[in-house]
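Each of the two complexes below includes chain A, the first together with chain B, the second together with chain C.
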Partner chain A sequence: MTVAAGIGYALVALGPSLSLFVSVISRKPFLILTVLSSTLLWLVSLIILSGLWRPFLPLKANVWWPYALLVVTSVCFQEGLRFLFWKVYKRLEDVLDSFADRISRPRLFLTDKLQIALDYSSQLHAAGGLGHGVAHAVFFCLSLLTPAFGPATFYVERCSKVPFFLISAIIGLAFVTIHTFSMVIAFEGYAKGNRVDQVIVPVIHLAAGMLTLVNFASEGCVIGVPLLYLVASLTLVHCGKMVWQRLLETRNQSSASG
Partner chain B sequence: MDSSSILDSLGVEIIGVMAPVSICMFLVVLLTYSLSVTSDPQIRTAANLIYIENPSDSATVKLEGSLANAIVFVVLVAAVTFILVLLFYYNFTNFLKHYMRFSAFFVLGTMGGAIFLSIIQHFSIPVDSITCFILLFNFTILGTLSVFAGGIPIVLRQCYMVVMGIVVAAWFTKLPEWTTWFILVALALYDLVAVLAPGGPLKLLVELASSRDEELPAMVYEARPTVSSGNQGRNHGSSLRALVGGGGGGGGGGVSDSGSVELQAVRNHDATQLGMGNSHNLDYNAVAVRDIDNVDGNGNGNRDVVERSPVVGNPREGHFASAISSEHSTAVGTRGNIEDRDTVIDEEMSPLVELMGWGDNREEPRGLEELDNYVDSSNRGIKLGLGDFIFYSVLVGRAAMYDLMTVYACYLAIISGLGCTLILLSVYNRALPALPISIMLGVVFYFLTRLLMEPFVVGMTTNLMMF
Partner chain C sequence: MAMGLTRLVAIAFALLLVSILPLHVSLAGEITSIESVPDLQKLMYVAVDGYPCVRLLNLSGEIGCSNPGLNKVVAPIIKLKDIKDSDQQHTILVTADEMEDFFTRVSSDVSFASKIGGVLVESGSSFQHKLTGFSPDKKFPQAQFSPYENVDYKWNSAASSIMWKNYNFPVYLLSESGISAVQEILSKKKMKHETYTTDVAEFNMVMETTKAGTHNSEACLQEGTCLPLGGYSVWSSLPPISVSSSNKRKPIVLTVASMDSASFFRDKSFGADSPISGLVALLGAVDALSRVDGFDNLKKQLVFLVLTGETWGYLGSRRFLHELDLHSDAVAGLTDTSIETVLELGSVGKGLSGGVNTFFAHKTRVSSVTNMTVDALKIAQDSLASMKIKILSADSANPGIPPSSLMAFMKKNPQTSAVVLEDFDTKFVNKFYHSHLDDLSNINSSSVVAAASVVARTLYILASDNKDTSNSALGSIHVNASFVEELLTCLLACEPGLSCNLVKDYISPTNTCPGNYAGVILGEPSSKPYLGYVGDVSRFLWNFLADKTSVQKGNTTSVCSKGVCSKSDEVCIKAESNKEGACVVSTTRYVPAYSTRLKYNDGAWTILPQNSSDSMGMVDPVWTESNWDTIRVRVYTVQHSAYDNAVLVAGITVTTLAYIGIMATKSLITKALKQD
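What follows is the complex of A and B.
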């Protein structure tokens, strides 16, 4: 039974990303590599952050502002890293382009190449975001699951209604969603030079991080988690709208050119 | 969709190697988890001849002891590798192959058998001893045959390589902690020297094999890309095959994993021998290059028969890789024919290859590799030594004894190290050691995670604080 519970918690946190992975990403080796490298990037950022904060740990359990500071620094750091990731990605795209050029020149026309960029960039962005999200879920939620496979469960005092593993899996799911789709939004924003999209991503990330601070209050998770999900769904909707719009543009373009 | 083929095929080779490695590591971690419950007596093997670690020893004693263990182990490995090179140099190839088969039989039969026994015990599977013996025997024989025989589906061979990696790695995870770390680091360094330094045994071995157009007499995992000879279709074929290969590996591995067991049944005596066996496997790190197209060679052979005659005159055209396939598919006597045939195929292919831009080594995916890798642009198959599988898995298995978090970190580190190695491979176009980058990254990440990240993450999450 406990094994079932442990697997269940893991699936709560990672189920959607798993299905995304199986249905889209696992078919394209390059996307798998993207996911892996962005996961690694996130891990490195986490290690650096924990290295920075290590001297101050453990934080006092009853004061909330050091945690706020921690969340703010972490989010800022990771957003900086995202920008860096974008730069690297940009270069990679150039390399890929010339690569595509080289191997397909005899058969592909320029329009095909454009098509590649359009078809794949969203997937690539999503893969990059998924890497971040998965890394988040894995390190913040899954890696603490080991005890969940044993007999018993664990409750934290501040959220005494729900087992700790379940609540962390649920929060993890929200963050997977946010990370995955905010990467799409951010890269789209960088690509188009859209200021709003560029700014909204750090804001979302920061807001989500801050909302987890609500859990610090006793029974705060009753409010904090739904709010977090609100943010997650807003991200989702925004990203959906953006991709839909682009899809329409592409269709118009291709029908115009065809 | 033609347009999708580029991204579809990009990285196929890399994934083709990473997938089995991941499967192997995953299953070893599962095994380790279930095995960590059982308190096993210390095993005595080639890897801890000098010093038997005792948890109560002081850090200095452990340090010195494990250092000594690591040095002795590496020296043994080096000695065995040199013997291998000597034997190979003096053309004892058949002896080597039989020996390799014997050790495969031994590893699968005894160590694998021990694992199955414990699986059966652990899950109280109702099997009588005769059935069990017959099944085990069949399993072992099939594995033995698959090591160097032709006519066996490559998928099966890959599965058995993964299974052997799992079996040996599961056994190695029983080594005491300090010794494990020192041995891993020492092996990574040794690997670096053996493959890159002039006169390094693995380098000699690989060069010897390629100058003689022979297959390396070693246990090597071949990621076969796929590529049906010819055209665009190959890209799709290859990713598919990679998937199939990965899935197949999982299936094969699944057999042994379901039980997660320990190798307790192995007596010390056996263990020592096995230890020796392992060290051999290790050597097999060296990789040879192989022409993947040989896979298809058999099929195409028929088609090419007609064309063969004109070419017979120049059987050795420098497509040395193509000759390799003959080694395992036929007896020596008939080799000539096969070589010719392969040569023809190769020649046939070349125009296509150029057309497709395959000749360009810079494009990683298509370049080839191997692992302790040796690459050759006329061949495309990445080869990874079984030893690399084993020691990656040992590292992850060791990490699994601490916490899941270290497992993930080490897995990512190893995989990215492997990725770096493969990219370097396509840049340098020669055999490279696969252990150093991965093992170093893995060790560094393990300790960083354990010392820095764990308190941070645990402190955050237990307060339900995330970002």
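What follows is the complex of A and C.
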């Protein structure tokens, strides 16, 4: 499909991540480190999953329940890993905080402190989520994109309206969105002890995973992909609501104290 | 908050249920599983199997097909009947019955030819019964070598001459699997969007002579971008000739057949009737005669000669006769005695009609020798009463002998007395002469067995100079019909092809599918060539003939591991398939076959100037074949460039919108925080 189309597909899947990286993440070195280590961690998790599932592959192509099992076990593994990631992050944050306090003794007003906390933690969590999303997009979409730079195109029989690469890029974009904002929701939930937020993330991840199984049906991608985007927008909205609430809390706190 | 939680969880679970429910019904059909990126590439770019038409050159120009330049040809596929006027070049899908008209039109209509990017020929079995005849060769093949004046005589009635023209586009004959691959891609198109995808064929058939700009034999041989056509002929004598012995040599009865054919497509030219049926009949006769004792006591010596390169200017016969003149090593033992009689086996595969096998004996000239040969044929025919064979003399209204190696023998020596046995009289009965359709289904094995039987007995009669039919030795000469049938499937089919037991007993073949095209001559021509440069069929014939014409000296056979035997009159046979061969006493030699106008010097070929003493060399086109890197045809689907650009624009738009959204959110948050 030529170089133009190949670049187009790559941008559809990873363009927004690139925008996020350029506008927010690239300004703070620590965020860049977070993205990189998060990507590495999630890629390793996917490799471990493939290793665990290797003896059972290739799966029979005309039954759907082995694939459902694959999705469920992978999601559970990754959510468990996310919780572990949170624990490590918490340890690290405490260490860094005490270190910073000892060295710099910032003379900040509470408002500034709270603002930094809001800015800083959301951005950090978003960076972690972005790493997760980018890992997913690279593993599932970008790795298949090399043939798209050649002259030929490819249509899958079960989704014959759209070229294979385009569908793959669109699904990749949806998952990048879901993963980026899920991380913010999840870590907020763990920090505040909010049950809703803690549970909603695995549920969304599982739902998104199961929705991809709909693509098995003939022309199922016509239903599956819009539903996936519904889930992605839900994640976005929930995260937005959550950040807004924290913003209001911060403002109230600062006006109360200042 | 609690309400929000319940709502969200409810929605999520609803989605989960929605996703699982439809799956109970929908998983019908096979998914071709893609397990890696190379798998994906194989599904995207479908490799198509088939046989190319390649570029051949002669002294004055080129024939055949090639990519017009240095690049691959990529053109959308269209069926011949769907062609409309358009500026774009297309890949035309032509069926076998449309081929003759199509190529004739291409040669005469320049505007039509300019619309052709490439050609795919479909020659499945469904089209073959529509064709009554198809021959891409000329009306009088190789007429310039004819020893008689009438060169307008129409020997080949189905002739179209299309294989001798020059085409500036690639042509590819699809195999059975190739046809199904192309049909599959074309049928998928009906499911898809005709508006923004096209199915294209990509031809990678760049010929080196096109790249180097050498457009005739002389230029390309100088640049080393081509090689001359030729190969190795094989001769063997029964019984073996003792070169060192001073015994008086017996006069020779020479039996000739050829092993090479040609067609529009280089690798699909079985040549079943013309000339392989004659070759198999000769081998059947040799096999029968090898079981007869007492050849030493006969009055004459039998020599069997199988020539190659005959289709391309009688290269085999001309070089053989030249080597005889030179008294070279290749023909040691033949030169100091006279070749008294020559019998050629031409096409003998279509003699069966109405339950009778009829063959025609064409004489080069009327003489006592040719009369004797025909008499011997008739005696042999009578002795084989049960086989219902009829030998007839050719019509005296014929202008002379049909196109055959004897034309070269006659041109060299007009006094040659020889007979060629064919299954036709006034014109070819083979309606697929030199086409890709002259295969096993075009001949009848019983006709070949009948020809072999009559020739075996004729040769015995000629060698013994004995006209007594009640001779018990004559009656004991029987051709093994199952041997002949097996050999036909070895040389004229891809299954089992050259991997059949009969051939594998003697050699390790490099290809399974017999390509009876002569090919190019590799390396330095010599009577003891490097065997890696000698073709499969030549090596098989050498080993087979050496085995059948050998005599056992004593009871011990020594083994030879490097192809060398201790005694000078011994040769090492079967040295390829077994690690160790056997040494047998036999006179079997390779004779290189290449144009008498060519000379090999220091790794390069040069063309010798015309020599008036070599009349055949004066009219020899000196055929060469271009070198090439790869020959490959792929078929795939392509998007229109508008679509590709739309995808790029979409990607850039998504990225930009995301950037704007992020910046807006950032400023919103900052403003909200600073509001106090």
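The criterion applied here is as follows: the second predicted complex is superposed on the first by the 246 of 258 C-alpha atoms of A that agree within 3 Å, B and C clash if a C-alpha of one lies under 4 Å from a C-alpha of the other, contacts with A are read in each partner's own complex, and residues count from 1 in each chain.
Just so we're on the same page, a residue touches a chain if its C-beta (ideal position, glycine included) is under 8 Å from a C-beta of that chain, and two chains touch if they have at least 3 such contacts.
No experiment lies behind these values; they were computed from the predicted model shown.
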Item to check | Fit or clash - chain C, chain B, common chain A | outcome: fit
Next on the checklist: After the superposition on A, what does A:R158 contact: first (chain B), second (chain C), both or neither?
Outcome noted: both
Checklist entry - Touch check for A:D94: first (chain B), second (chain C), both, or neither? => result neither
Next on the checklist: Let me test your reading of the model: by the given contact rule, A:K28 touches which partner, first (chain B), second (chain C), both or neither?
Outcome noted: first
Checklist entry - Roughly how many degrees, to the nearest 10, is the angle at chain A when you join its Cα centre to the Cα centres of chain B and chain C? => result 70
Next on the checklist: I'd like to know which partner A:L144 touches here: chain B for first, chain C for second, both or neither.
Outcome noted: both
Checklist entry - If you stack the two complexes on chain A, which partner ends up touching A:L166: first (chain B), second (chain C), both, or neither? => result second
Next on the checklist: Let me test your reading of the model: by the given contact rule, A:F175 touches which partner, first (chain B), second (chain C), both or neither?
Outcome noted: first
Next on the checklist: Applying the document's definition of touch, where does A:Y9 land relative to chain B and chain C: first, second, both, or neither?
Outcome noted: second
Next on the checklist: Tell me the contact category for A:E249 with respect to chain B and chain C: first, second, both or neither.
Outcome noted: neither
Checklist entry - Closest pair of CA atoms, one in chain B and one in chain C, after superposing: how far apart in Å? => result 5
Checklist outcome for this item: On chain A, the footprints of chain B and chain C overlap at residues 58, 61, 115, 119, 143-144, 146, 158, 213, 216, 224
Next on the checklist: Taking the touch rule as given, give the residues of chain A at its contact with chain C in the complex, in rising order.
Outcome noted: 1-2, 4-5, 7-12, 15-16, 18-20, 22-24, 58, 61-64, 68, 111, 115, 118-119, 143-144, 146-147, 150-155, 157-158, 160-161, 163, 166, 173, 195-196, 199-200, 203-204, 206-207, 210-211, 213-214, 216-218, 220, 223-224, 227, 230-231, 234, 238, 241, 243, 247, 250-251, 254-255, 258
Checklist entry - Which residues of chain B touch chain A in the complex? => result 2-12, 14-15, 18, 232, 239, 242-243, 355-357, 360, 363, 365, 403-405, 408-409, 412-413, 415-416, 419, 445, 448-449, 451-453, 455-467
Item to check | chain B partner contacts - residues on chain A that touch it in the complex | outcome: 26-33, 36-37, 39-40, 43, 46-47, 49-51, 53-54, 57-59, 61, 67, 70-71, 74-75, 78, 96, 99-100, 102-104, 106-108, 112-113, 115-116, 119-120, 136, 138-146, 156, 158-159, 164, 167-168, 171-172, 175, 205, 208-209, 212-213, 215-216, 221, 224
Next on the checklist: Help me check something: in the complex, which residues belonging to chain C touch chain A?
Outcome noted: 1, 4-5, 8-9, 11-13, 15-16, 18-20, 22-23, 26-31, 33, 35, 37, 40-41, 43-45, 74, 188, 191-193, 197, 202, 636-639, 641, 643-645, 647-652, 654-656, 658-659, 662-663, 666, 669, 672-673, 675-676
